[in-house]
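Presented sequentially are two complexes of chain A, the first with chain B as partner and the second with chain C.
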Partner chain A sequence: MSANFHPGRILTFVLLLALMISMTYVISGQLFKFGAMTVSAFAVGEGAEGATRAGELMRMMVPLHSGLAIIMTIILTFYVVRRFLKTPIEQRSAFLKRMFLYEALIAGVVVVLFPFFWMLCTSFKPSGQELVISKANPFDIVPSEPTLDNFRRVLKTDAASVAAGALDPIENKKNFGTYFLNSLLVATTAAFLVTLFASMGAYVFSKKQLPYKQQMFMLLLATMMIPGMMFMVPQFFMVCKMGLFGTKWAMFLPHLASVFGIFMLKQFMDTIPDSLLEAAQIDGASEWQVFRVVIVPLAFPIILTLFLLTFLFHWSNFLWQLIVTNFENPLSITLPVGLALFRGQYTSELGLIMSASCFSIVPIAVLFLFAQRYFIEGMTQGAVKE
Partner chain B sequence: MKEKYLIVIAVIAYLALVFVGWDDSIATSPDGRTILTFWHTYNDQEEVILREIIKKWETGNQKFTIRPVRIPFDGHKPKLRTALTVGQGPDMARVDWSFVCELARKNAVVDLGTLGFETIRAQYLPAAIGSCNVGGKFYGLPDQSNCVAMFYNRQMFRDAGLLPPQAEIDNTAVPADEFASVLPKTWEEFIEFGKKLTDESKGQYAFAMLNTLWWNLTFLNTYGARIVSEDGTRCLIDSDAAVGAVEMMASLFAKHKIEAGAWRPGAITPEQGFVNGKYAMIMMGPWNLAKFKNAKMDFGVGLIPAGPAGTSTNVGGTDVVIFKGSKHAEACYSFLTFFTNAENQVRWCTELNQLPINLGAYDLVKFEDPHLMTFMEQMKHAGPNPVVKDFGLLEDLVNPEIEAVLSGQKNAKDALGSAAKKVQERLLDS
Partner chain C sequence: MAIKSSQDTAVAAGFLLPFMLLFGVFLIFPIFYSFYLSFFGSPTDYSLTNLEFVGLANYKRIMSDFQFWWSLGVTAFYGVLSIPLGICASLALALLLDNKLFGKSFFRSAFFLPNVLDMLVVGVIWTLIYAPKFGALAQITTWLIGENNFFNTTGLLGSPMTALLAVVVAMVLKGAGFGMVLFLAALQNIPEAVYEAADIDGASEWQKFTKITVPLLRPIIVFMVITGVIGSLNAFTEIYAMTSGGPQVVMGGETVGSTSVAGYYLFKQFDSGNYGYAAAISYMLLIITLGITWLQQKVAARNNGMEAGK
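Then we have the complex of A and B:
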């Protein structure tokens, strides 16, 4: 027997390989099946017959997507085995460690992304099938008779909605597209204005000399201790008196003064040395220039974090937006409120809610993708989490 | 540099968005008629019929036009509370049955007695109209009513030898009643059935239930137990009848082991377990009939097993109310009574597969779906709901006590005694 032959190592490799093969087969099987399902759902028409036909199409595609999953698994297996054999013997332990790490990470990714995958799959399920679990394989969550009806109903492009919309143009505006656009406007404007005001406020509290500054700041902080619900009725009263009921302004105006934002930014700005500001002032910078050229660029990660947090808050702020929505005017309905219209007294249209949610996570996902570097930086630097 | 471009693009995109989407004025066409606003929570199919009924009413009432406005059911209570606070409320609204008492106590809704309701009160289903009765006055009328009955999975019954095998019957042609003689009539029979249907090793249970007061009313009503006295001043939940009902409920789980423990947090819900063949029987309302059919299930519906007070069930649904802020309460009343009259109810119920609330419609409604006929029968035996100013608080006070009984931490007498004390102090006397 060779001195380099380690039965333990071989056994570990075989075990890890088996795990990898099963994970690859299951995951790629589900993904390819999902692909086949999407194609079938798009290929057929509306209604229950469409779903049945899509089911037939999917059954025809079984050899295709299971075949692809098998091919994918074989290719990956060959690749990993070849890599393992090519690796010099003394580095094989490190190889196995890395392999284990990757597998653990993939398992983590599956756990994190599973709810999203479930959401996507449920949005393709016909009404009544949402909670049905496949008897043959409980892990197979891709619907066997997919339909695009949920998306059609959400976007009001199904036959019944088109017919109703032709009669009443106002009804026609009650669709997901309107709600989405409204929410996007409200959340973006609010996030922009909150960051602007909060950063200016924080600059003053952090760097300027004011009589009773500390006491004023404490007073501001004290307002954070009062639950937001307490303000709701007085704020609603004010909004109505200002004639803003049912407008986009009403959705965010009372939340523009964000004490949390001022607090978070001030904590960060305290760490910026005063000498930087003094240097700028000696060079002849005005107050505004100091703020714009020194403070904002240095505090950019935390400002962006506040932007994201505010955007998220307004994107999903149900109660306040519900209260100030004028339901007679579909142009004032925002996404969280619009989504609630799909829920009844006893039943929820799960398929509809899921298909609408598929769209509603897009802006947040895009924002995070672009800003995640700053976001993580800002979160740790501010040391304040929400 | 790249980031600067990104920011510039983002700003331009945002400005374009504002340009396209900020304007929220909408063209409405006032035509000189008085507008009556009706906030409702109907779904798409219901709204279509509602609009047709409105048109019919408007032809006889040329001075008025009704504007139906859909609001989300989930937020209808806070929406109405805040809107009423600043005088932005509608003329009339459809609200959850449990909300009428709160609105009446806050003096927000019109006593229908002043509009002549006494003369037509007898038309409405007693259990449904009961939720509008606050201190002997009626502050609303029911527009939709529900109850629960016992759903059973025929395949699981067949597997347990309780129904003839599939080959001998054509399922689609068999009316639900055909099996009525086979189903358990009393809670004792129910437990016997349950033992045959439960197979813990396969994770199959005969029954699954939720633990909230509204669902538990079904058990309590079959024992003749009441939660509050008729005048709404005393809590009666510690009566012997209620203790008997809760002891029986607890025994299904702990002693007979035929209940799956679906009331525990994180457990498979009755609905999900039922569609997946894990639970043979669940209590459910008619709202899920279409869903279960779409799920291609082989199921039937029977009456709730009888307790000492016979078969019974709970009542759910919604009521319509007229707000005191409305200047045209009589016109609103005229519309709402028209909306719920026998003729319109027949149409509403037949097309939407819902249970009528107008007794005049009871004999005229014929459902193709035999299960709905079972619900109509069950509805006749419904017990009254407890009418309190905050049903949510009542649930919060009672549910944990019953859970303590179900999980074996307390006995029923102690738990209900403590629940009665809390309800009396915090809800009825306050």
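Then we have the complex of A and C:
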């Protein structure tokens, strides 16, 4: 307690600890409350009584989710304090630096992901109450009286829409379930065709002899320099003249030639040794068999990456889908177009807009969770070649 | 053997044919078709058949179209704001993550996640965050400093001074994780020995950052500038979702949108049925892009030459 006592360091530690405690309590509290909220929202029925009952359920679960948050905060605090005391004096400033680092990173994650958490929370709020924030604690953004009504209205399964749907079935089909299926169909078909054609093409560019192969490849690469907006007008004319306007084909046909895909796959296929192909040929495999049995399995990770990235591209290909959608046939609308249209109709109904947004965001976020390696590597690859 | 090789060529051509067909029809032909269309006028009835040949009139109109040049200026400003901000944000995140950390891959994925989400939806969410009166920002500032504040009365997207910046902030936060992954990979490739040598020479942390880290990260920075330029020229969805080109300002007797970037202006012309004019604008944008690319290559070649000369 003499020469080793640094009041400045202790003060820094106390400040960082206080920051850590409040951040842990708020964040974990919100996450646990969110869990409790989804459970209660699914447990109750429609309408205002449903929201009230969900509110009662939520109040019953307060000890549970706040308790969990408090326990977690206490455990973490004890852990950190013990680690700090155990750390030899000369390493303590490094310890404080690491503590600050973690806090800065967590704060960064909160800033980057807050919009999406807010979207999820708002989509569970009863109509008209989206604006209400807790005066006591503005950090408490998870609704206390949750409801699934927004999702029911967006899917048109609420009582009023079902009653209206009995008179006008088409009107009732104009919901985000339909848009979601349309988007899924368009994006999956496009991704499948793009990967098929691109892997066949890349196989030739990587392993086959063909006159003018190099020149063709240079031509492909040159078109990558052209901004995509440039193709909007002529492609629109072409699609219309082919009589495809308003069809699902029009939504992806012009974007099937993926130069990026060819480039990515060729780079990978260049690393497959030719001896493998020759061995298969000696065994009497036909060209198609060589492609299917040797190339595709070996290049599968990269083909999957291209599939996912193409799926993503068509899932959010808003501008093109907007201009080729025939609004007289509302059942052909895709998700982004449907959302843009919907937002125009319900400008101030935050809950509705947010629950509609969930249909686009949540599936992709879940997909990302499972296949993040493919997404991250695929998207950042090609950036640093040379 | 000759028969075998011609058979081989046929097979190779067969494998390549579907792709090249699509490529030729939907990527090469449109370049010429667009040029052809740019000599035609605009149908009054949105039909595609009653186009009237107008010669060079569309290009003459572009030259005197203040709105078009204004939108180019907005695009440039958008790039000037978003590229440096994006680079700084991703570099900062990468430097934070470039340490021995518990849960590193969690942070990496969390920062990267917004990149894969639909631009339109992200734009819509941010619009509601920025919205006056009921948006998240308005409510927080109301709680902090009372009702009568800028975020609550006008909102960031409501004022021509801040609207573009607000869009840039939203897009930088969406895209920061992408650059972060690139920077992180490059940072991890810098050998520790370089820093140790600098330590021996008595370099400060700042000197190590500016004299070692930044120069070694230059390829990534160049890449981010190039993609940033293309991104600004292609910017459309974020503007459509967040501002619709507005808020309007009067500039030299003309009313122009303070966030009307070139991509959005092109869409507006197309949407109001000015097909020929939109095609001509596309061509102008193409020429500008090629010009910028050429310039970048020049600069890159000169820099490489300088380095070789050292």
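In this text, the second predicted complex is superposed on the first by the 212 of 386 C-alpha atoms of A that agree within 3 Å, B and C clash if a C-alpha of one lies under 4 Å from a C-alpha of the other, contacts with A are read in each partner's own complex, and residues count from 1 in each chain.
Simple rule for what comes next: a residue touches a chain if its C-beta (ideal position, glycine included) is under 8 Å from a C-beta of that chain, and two chains touch if they have at least 3 such contacts.
Since the structure is predicted, the reported quantities are computational estimates derived from the model, not experimental observations.
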item: Touching partner for A:70 - first (chain B), second (chain C), both, neither; value: neither
item: Touching partner for A:184 - first (chain B), second (chain C), both, neither; value: first
item: Touching partner for A:332 - first (chain B), second (chain C), both, neither; value: first
item: Larger contact residue set on chain A - chain B or chain C; value: C
item: Partner chain in contact with A:39 - chain B first, chain C second, else both or neither; value: neither
item: Chain B versus chain C as contact partner of A:343, first or second or both or neither; value: both
item: Touched partner set for A:126, first chain B, second chain C, both or neither; value: first
item: Partner chain(s) touched by A:96 [first = chain B, second = chain C, both, neither]; value: neither
item: First, second, both or neither for A:280, with chain B first and chain C second; value: neither
item: First, second, both or neither for A:323, with chain B first and chain C second; value: both
item: Chain B and chain C contact sites that coincide on chain A, given as residue numbers; value: 131, 133, 135, 232-233, 236-237, 240, 318-319, 323, 340, 343
item: Contact footprint of chain C on chain A as seen in their complex; value: 98, 101-102, 104-105, 108-109, 111-113, 115-116, 118-119, 122, 130-131, 133, 135, 138, 141, 196-198, 200-201, 203-205, 208-211, 216, 219-220, 223, 225-238, 240-241, 253-257, 259, 262, 287, 291, 312, 315-316, 318-319, 323, 335-336, 339-340, 343, 348, 350, 353-354, 357, 360-361, 364-365, 368-369, 372, 375-376, 379-380, 383-384, 386
item: Chain A contact footprint on chain B (complex, rising order); value: 6, 14, 17-18, 20-26, 28, 37, 39, 41, 43-44, 48, 67, 69-75, 78-79, 82-83, 85-86, 88, 96, 146, 271-272, 275-277, 285, 287-288, 290-295, 316-318
item: Interface residues, chain A side, partner chain B - complex; value: 126-129, 131-133, 135, 153, 160-161, 164, 170, 173, 181-182, 184-185, 188-189, 192, 232-233, 236-237, 240, 245-248, 318-319, 322-323, 327-332, 337, 340-341, 343-347, 370
item: Chain C residues touching chain A - in the complex, by the definition given at the top; value: 5, 8-9, 11-13, 15-16, 18-20, 22-23, 25-31, 33-34, 37, 48, 93, 96-97, 99, 101, 107-122, 124-126, 128-129, 133-134, 136, 139-140, 143, 173, 176-178, 181-182, 185-186, 219-220, 223, 230, 233-234, 236-237, 240-241, 263, 266-267, 270-271, 275, 278-279, 282-283, 285-286, 289-290, 293
